[in-house]
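The structure is given below, and queries will be raised subsequently.
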Amino acid sequence: MLVVMRHGATPAEIDRVVRTIEEMGYDARPMPGAQRTAVGLVGNDGRVDASRIEALPGVAQVIHVTQPYKQVSREWRPENTVVTIAPGVTVGGADVAIIAGPCSVESEEQIVAAARAVRAAGATALRGGAFKPRSSPYSFQGLGRRGLELLAIARRETGLPIVTEAMDEHGAYLVAEIADCIQIGARNMQNYSLLRVVGRIGKPVLLKRGMAATVNDLLMSAEYVLAEGNDQVILCERGVRSFDPAVRNMFDLTAIPIVHNLSHLPIIADPSHGTGLRDKVTPMARAAVAAGADGILVEVHPAPDRALSDGAQSLDPGQFAELVSELRPIAAAIGRGVVHPPRIVGTPVVAVG
Amino acid sequence: MLVVMRHGATPAEIDRVVRTIEEMGYDARPMPGAQRTAVGLVGNDGRVDASRIEALPGVAQVIHVTQPYKQVSREWRPENTVVTIAPGVTVGGADVAIIAGPCSVESEEQIVAAARAVRAAGATALRGGAFKPRSSPYSFQGLGRRGLELLAIARRETGLPIVTEAMDEHGAYLVAEIADCIQIGARNMQNYSLLRVVGRIGKPVLLKRGMAATVNDLLMSAEYVLAEGNDQVILCERGVRSFDPAVRNMFDLTAIPIVHNLSHLPIIADPSHGTGLRDKVTPMARAAVAAGADGILVEVHPAPDRALSDGAQSLDPGQFAELVSELRPIAAAIGRGVVHPPRIVGTPVVAVG
Amino acid sequence: MLVVMRHGATPAEIDRVVRTIEEMGYDARPMPGAQRTAVGLVGNDGRVDASRIEALPGVAQVIHVTQPYKQVSREWRPENTVVTIAPGVTVGGADVAIIAGPCSVESEEQIVAAARAVRAAGATALRGGAFKPRSSPYSFQGLGRRGLELLAIARRETGLPIVTEAMDEHGAYLVAEIADCIQIGARNMQNYSLLRVVGRIGKPVLLKRGMAATVNDLLMSAEYVLAEGNDQVILCERGVRSFDPAVRNMFDLTAIPIVHNLSHLPIIADPSHGTGLRDKVTPMARAAVAAGADGILVEVHPAPDRALSDGAQSLDPGQFAELVSELRPIAAAIGRGVVHPPRIVGTPVVAVG
Amino acid sequence: MLVVMRHGATPAEIDRVVRTIEEMGYDARPMPGAQRTAVGLVGNDGRVDASRIEALPGVAQVIHVTQPYKQVSREWRPENTVVTIAPGVTVGGADVAIIAGPCSVESEEQIVAAARAVRAAGATALRGGAFKPRSSPYSFQGLGRRGLELLAIARRETGLPIVTEAMDEHGAYLVAEIADCIQIGARNMQNYSLLRVVGRIGKPVLLKRGMAATVNDLLMSAEYVLAEGNDQVILCERGVRSFDPAVRNMFDLTAIPIVHNLSHLPIIADPSHGTGLRDKVTPMARAAVAAGADGILVEVHPAPDRALSDGAQSLDPGQFAELVSELRPIAAAIGRGVVHPPRIVGTPVVAVG
């Protein structure tokens, strides 16, 4: 940590900073400069809470050199973390994962049709919301527990593991009973109580970047999950707020190589929310893979123009199949493949009735 | 709602939009233009979910004319809502409320000293965090339940009602046992499960604007509380994310007259988080009152350079007293006063031991 | 300057940084830390171009301690600069200046009516655009040279000095022939060629903050004018781009105390562009003065609903008079007055015919 | 255009809007709704200046349906515009163009070495700044006219056409004498006087997106060039300002498919400025091509750690060659090739001495 003193800070002020650093148990190294003095704080093996020092007279600025996160960092663990959602379905390995499905689970017919369609086109896992965070209390809020049951049916029919969102502690336990991977949505990225709970549950977590979260904030939120002993975390870029009304969100694909540089955790990209516009999903999914994404998360609906939510950004099955076929050569260009759908391991269809 | 067709949309595409609107139970009014056709949707008495229509071929854009919120709107209730935190302590009436106190409750000595100091300077209510959302899992997370007990002691000593944050459902019930007003922090503004809970609890709610929330998003989140039957909601501007590293947040004071125009709910401003810099708190608190804020929320610590959190943005008691004395003539310039501290109604001090 | 090495940087990499700093003529001070090594660069009396060092292997980050600007800084000149637009009309002194007038000069009748109205209400100077930067090439672009002549007539009629915009080098010389203060608009804040020209011309300059400019960027642009020997620069906050469509711009009033802290130059605020909405102009003008603005710049049109540009954000003369009367007690609350309009010193009205 | 009236607008207010629209020469179509009335304006064949109407009493909002630009729109010209920089070197056709070179021209040796290196690796054109817009007046500002001469030498040596920036009117004429394509930088994107000049000059223009420009703003600025009769405009995404300090700019690749949808003009991407970090340039260049960019603009320096500007974001020749080899299969995956370097058509090398 570096404490920059104001131009004209008095020796007494500099001395007080030095003493405060020492009181806090660190070493202080004053560096007088031509224009101003800086005081280095050394001896810390993590980020220091700078509030006390920032508040001292004569201090212009406190600059953190050490990153505030720890277990998520590549310095902590140099090799990539590979998250296993289901046997044979991994995120963060050599191949690109494809997680697809409708925004919301609407009915057995719809979710099974969607699951079959995305599996046929090459998806690795099924997404679909049972609990939906909606900005209006009057909008469709998802089928809840019944939606989870329908997801289980779709998994049995297709063998695809399930990724679905939990919105609160109680819901997290319900979701964990059925889902293979618990999604934490953008609006809850800094819901620390929820992060601790899914950390404790121990199932794989898909953590979406908040709408105004820096990459650093995203990593800090992941740290909450790892701090509970759960390192099975997949990060997800899904666009951030911007000034341009041309898109619903600004899709920040540079976050992908940045995360790969700073952290061992895998990162995937969601071009459906990242753009909010169906005809932008395909080019931006390609771009995400070219940028190095470990997977993509795409909204696919059997009949987008009848969807109860997010129809305008959902692909239909034909568009999705075409997208997957475009992704293969792009993945190949950077030495990667596309993860294969898992074999059907659940009870066969006849057993359902 | 207005559906704008692409230039060159076919009659069949326009017709399909018309039929879809009618299927949804509304009237459709096509308006052919020189460059493109638009189709008006009329007959709705609230916001329509546009996903189905946005997904139709030939549709360029869907424009919402009706606001998505209802009970928070001034059209729903023209007169101002006055929120009563404690007998005689209101927010949203003629006078400006002053809520002050430390970022975190640290000890009985600290919170009682802070409460006495802010009361002496003219504060109307005491703030102080028992549960603290911190971006690092390794930072001080607040004293929790013990912090709530200390706040109760400070209230008994000074008569000041308590405003303190709840971070999750369980915490909301704990906080509600003691607090006079439950704060929902910026990071939880779209934690809809928590909003429903505090809506049901029924105590006054202080809802802070999220870091990337539009004014519309803030009103939608308040709608969640009102939808549960609780209209005692105070909104709070506390700065939003911006590109300028000169400040921790960009303090959007224009939100104050905008909210007053759109909603009957009161709105206060938090210049401590809104700027993140102690020497900016006083000018921006003055500016907030001049812009019409119904109150201010300020961090004051008996000894800022020893604070466990947010020391750099906390005023000391002397600075706070000076701030309050500057606010009076500014409030007077726009025909308002400053709310008086409540009389001490709790058990007298001697009874504590 | 502080060069932070990556965790695991080799001694050879650290050594190369040290040698590069020395080659550049400075002293290097390595500081080994528990997690990473940092190397201080000392001996510079201004900002160092860090590109060479950032590019070296093993370097994680370069942190600048010295500000990149010089002559605009308060460290360079501790006392406030007072800009004199006309005899008796100053910005940056004890009193708050009020510059008002229409967006565009439209006709002699309109500009003279506007000038009389704003003078009667207490304005200190007249604004009005002769050259208008418009985002569409097909919009009204201003009356050009003829507009300047009409401004001169309005000045002769009312004694108010003229503030008007120049958009390019050629225009700057034309504007300088007539204007008392040359405005550089937000879109040209980083048009460095134009900044140099107005620096050389030597007349007072009103420099508006760009739509995505940090406070630092604004100060750097002002440095271009001062570097040419012209210190008569008034900065102007006029709102920046944001994600919230509720306002045209986000009005960043915290920039006012920040500039006062960093620089000796005066800063005024433009609530008309800063909000883009007529009914927000008055509260936000009050807020600007309460935050410490050295003046306000307001659009006033004799008949806003007939204005050729920006009608929706212009006050009518009655609204403006009311605004000025509200500003006086707010200025008084922080120990300031409002600048008085200048006496009419031009040729008397009868001489015009 | 759609004029939305406030809830509770009086019939007289609605009537006044109708009459104003008719006075302006258009047809008005009132549409009474369940909550509010809207009035459609029809008969316009371009965007209407809404100021007069926005200012009328009872008006809540004015919504533009027609785009404000014209000649740049795909509705105006459905087929792609192909810009020809030099014989055989086009942007906007089937193949992806690669424009590379140093940030600044520093010396004959440096620019010729850079030109040879980028040509050998597959670049289509040479970039290099002779006039440099720098945020500090004390930074290296480019070699000016001498830099242009050195660029001409590099072209003669390698056959690569030249893309270089003009910062003002005078400079535009100088640049036009030598350059094959005139670059307008991000800071000058709304310097309308300069846009008009390069429109009149008629040479190909490379127009970079401003730091806070929406896609719409970018298209409006291009419209200034086309309005002067010059349709040889290449747009360029180079990142926009964001709240995340992890990157210098946020690289908005979604702008590429958006521009392709709205306009017939080609759009390329600049991952060097778009990320500001050397090790992010390669993945983001790949992403840009995958997203459909018509070309990339990359900073390459023969010895980045000795560059006078932007060293930290420049590739060295080896890294650049590797990048180009990665781009070929990605372009192929979406049915495109990479433009071949032009044959050397200038005076042969031996003739130089």
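What to note about this one:
Should a chain be cited, it is by its letter among A, B, C and D, assigned in written order, with residues numbered from 1 in that chain.
Assume contacts are C-beta pairs under 8 Å (C-beta built on N, C-alpha and C of every residue); 3 or more make two chains touch, one makes a residue touch a chain.
This structure is a prediction, so every number in the text was calculated from the model and none was measured.
Steps from subunit B to subunit D, minimised over paths through touching chains, total 1. Repeated interface, listed pairs B-C, B-D or A-B, reference A-D: B-C, with more than half of the contact pairs matching by residue number.
Mean C-alpha positions place subunit C and subunit D at a centre distance of 27 Å.
For this pair, subunit A with subunit C, the centres built from the Cα atoms lie 40 Å apart. Inter-chain spacing, taken between the CA centroids of subunit B and subunit C, is 32 Å. For subunit B, the set of residues touching two or more other chains reads 212, 240-243, 245. If you check the complex, the residues on subunit A that touch subunit C are 2, 4, 7-8, 29, 31-36, 38, 40, 42-45, 63, 65-66, 75, 241-243, 245. In the complex of the two chains, the subunit B residues touching subunit C come out as 212, 214-216, 240, 242-247, 250-258, 261, 274-275, 279-280, 283-284, 286-292, 326, 329-330, 332-334. By the touch rule above, subunit A contacts subunit B in their complex via residues 20, 46-47, 49-52, 54-56, 68-70, 133-140, 167-171, 187-188, 190-194, 196, 210-212, 217, 220-221, 223-224, 227, 240-241, 278, 304-312, 314.
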